[in-house]
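Chain lettering (A, B, C and D) follows the sequence in which the chains are written, and residue indices restart at 1 in each chain.
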């Protein structure tokens, strides 16, 4: 790890840009994250009318600076990557490209109506922030618990969507277009608003029967929230227990023994007791 | 399983329509599901005014095609079933009939006012989607956990409904008809809207005392959601542990080994491996 | 239990009215519950204007019938109780009296303004339904889990009320009376509506800073719901495990051993293994 | 503990003011808490217009009395503390100072516009109530569970805020300023209102596409609430088990006995009893 005497520029750059184990690599990553957060904040702040009218010009300049920085970064990544095509096709490669493209497209197509679409694409720069996740390795336990429980959660959501459809149909017929339930999609929207206990109040049942069914919908929503919580809690508990005892048998290398086990339950050799 | 040399048409059909273990049977089921989803989507889309006025005629034709398909399917099921009467009386038999009936009833009673009722009945076709559940066998653990905890959950809902009634009565007296609490049913509706934390805002307390009781109602609702979650989580955890390993050591009779264990970690004798 | 040859009327009545282990006692309880539920339903239905104006007279007569039944029941309980004073002072004794009192009070004070207060008191009859809880013995586990966790839940609610007060004060200053936050009690009401995720929308923040603090309040409310759930779930899990192994030591009569225990951990004598 | 024959005034005062193990110390603490609660209640009640106009003068006098009491308490704490500078810089030292400062500042700067700021600062007195937490020692288990799970919860909130930003950007573009989504901060506010299932209804999606994305937002919010609950529940369960018994059998070194166990259930030797 300390005898890398002769390296080409490409290798050095790769170590800085893609690597995270050298000092330079860490500094590069941190300054990149700062740039990403700042550029996203800029786009957000620019949507406020009072700020746009006063500092709009300055924001436009800062915007181009960030676009320049991200363009250089993208080209450097393409240049120094061992597999440039694979990088360009990867999730982060596409996100990197999408985050610089809108600014250039605005130059080529200067139409007035095009501005809105550009703005949408420009917001994709948010996805760059997702890169931050690279720097947090804690999420594995959570992710594993979620993958373990995904089948059960899918089944739960499938059942819920059936309940939602049935309730939507009933409410559509009971309340009807005159009380805001103008179509089935709108009725489904109302049912989801109600079953998730959001309750905007933009569409509310007016008839007594409708209010009764609405109350039932709420109680269903209130109760079934217990199900995914129960599934996930059980999985997380199990993942924690699994992680808990990481003692490795010195004979057969098996890990994950019970905390109270004295002998390896695979080969029978004695286990170390360190706590 | 591979020597069924001579079969009548009935047996072959039964294997295709009711069975799921042959290639033809699986293809039949999948195409049936596609038909059900499409026909439900059609009914949903038809409720949107702009689509109904433009494509209404096409949807009516497609509607009749689906009705034809489901009629043929229903008759075939009746024909090839080993116990036709039992099928007709079963849950899916009734749903199958209800999903085709409305279209035919609309022909017999062509009254204008009758259309709405037909529409309601036609929406029952949604229940056909429940058949999809047949194809998911994961739900057993969840279902068992829910059945195990049903007594406790019932007791919980009984207590909640008592609390709801008491709070409704108090709010009805405190706020009164002039603030929207026109009757006890309406007051119960408000209490359920509040205790489930839905909070439409169509009826809100106006007096200071009423707002205090409302705040109490919210805190009750916010707290007691923990109870069904706690019940269900504990049950799911136990079901998972129960499922985890039911192998019994033939030597020392110890149960509850880890799923991957080959030897009993108490006496060292070998365990059966059946999974 | 089967040699009670000579009983006075009092003893027989007590067995019927207070007891639940004879056939007559069970019939008495069930018909009483039916009466309570019917009388409560009557009071509820009477608050609906259209029903009150049409069937008001009939409801008033039924009301008096139920008052008569409950008066007779109350007097019988006083007569046959072994400790009449103790019964009259007990929770159910007071509730029984309160549920019949309002109707008689309305006769003595026939003032028009007095009607509303009478109505409030009459609604106390709902509490009679609480007697139904006598017939459900499942609730012990839940109750024990809640008592076990009451200290932690109290601490939780104390912390939450401090957070609510601080947030209310900040919002009162930030938004001020012109945006609906007219006083601290109103601001506290808003904070509870928000932190419990009810969200009526009758008072909403208008300034950008206020909306930021509101968003923070929501996130706090959304997160801390996990705490009581976590406390209660853990307690219920432990109660279930505790209940699980009910083996009694034949030597010292201790119950609640660990499932895997072979010897009693109190006196050391061997335990039976029956599963 | 009973031979403290000669003490200076300072030591005695310190024992009363900072200590809680003498009778005088406990009385001092309790009367201090009563004063804090009363003074906070006074500030709250003063914000109600009808009370302020009628009793405003009396409240101002009571306010000054409390300020006097708290000033004396603060000076005494500084005088008798073993480390006065350390106390003045500690959390409670700063809070104690902040709770008396506003009243004096109002004398020095009697400007009319300054009143509001004074009121804000005066509300900091609420934080004094936090001192009450000193008197509850139950919170350790909860706190430890929260610290243990803080990394996972932080990761969760980081992911949620990314999801919130992406959904806000999409809704800002889809709905636009004409439907209330006037800027990105407002759009973020709406997303948090929706994802936490608060649902004020002050800003609601109007377009069909917007309602679809809103429904998705609600379902995300409804589902992910399971994650912090799962994390915390698992941690609390583990903390409870950990707390349950840390006694180690001196013979076989087995840990994790039941709290009530007198003998080790593995080897039968007696256990220490320290609780």
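Keep this in mind: a residue touches a chain if its C-beta (ideal position, glycine included) is under 8 Å from a C-beta of that chain, and two chains touch if they have at least 3 such contacts.
For reference, the UniProt names are A, B, C, D = Ion transporter.
This is a predicted model, so every value here is computed, not measured.
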| item | value |
| --- | --- |
| Shortest chain-hopping distance from subunit A (Ion transporter) out to subunit C (Ion transporter) | 1 |
| Same-site or different-site touching of subunit B (Ion transporter) by its copy subunit C (Ion transporter), using the half cut | different |
| Whole-Å separation of chain centres (CA-atom averages), subunit B (Ion transporter) against subunit D (Ion transporter) | 42 |
| Subunit B (Ion transporter) and subunit C (Ion transporter), separation of their C-alpha mean positions in angstrom | 30 |
| Euclidean distance of C-alpha centroids - subunit C (Ion transporter) vs subunit D (Ion transporter), Å | 30 |
| Residues of subunit D (Ion transporter) engaged with two or more neighbouring chains | 185, 188, 197-201, 221, 225, 229, 231, 233, 237 |
| Overall pattern in which the protein chains touch one another (line/ring/star/complete/other) | complete |
| Subunit C (Ion transporter) - residues contacting subunit B (Ion transporter), complex | 40, 43-45, 47-49, 116, 119-120, 123, 126-127, 129-130, 132-133, 136, 138-139, 141-142, 145, 153, 157, 185-186, 188-189, 192-193, 196-202, 221, 225, 228-229, 231-233, 235-237, 240, 260, 273, 275 |
| Residues of subunit C (Ion transporter) defined as touching subunit D (Ion transporter) within the complex | 151-152, 155-156, 158-159, 162, 165-166, 169-170, 172-173, 182-185, 187-188, 194, 197-201, 204, 208, 211-212, 214-215, 218-219, 221-223, 225-227, 229-231, 233-234, 237-238, 256-258, 261-263, 265-268 |
| Contact footprint of subunit A (Ion transporter) on subunit C (Ion transporter) as seen in their complex | 197-201, 229, 233 |
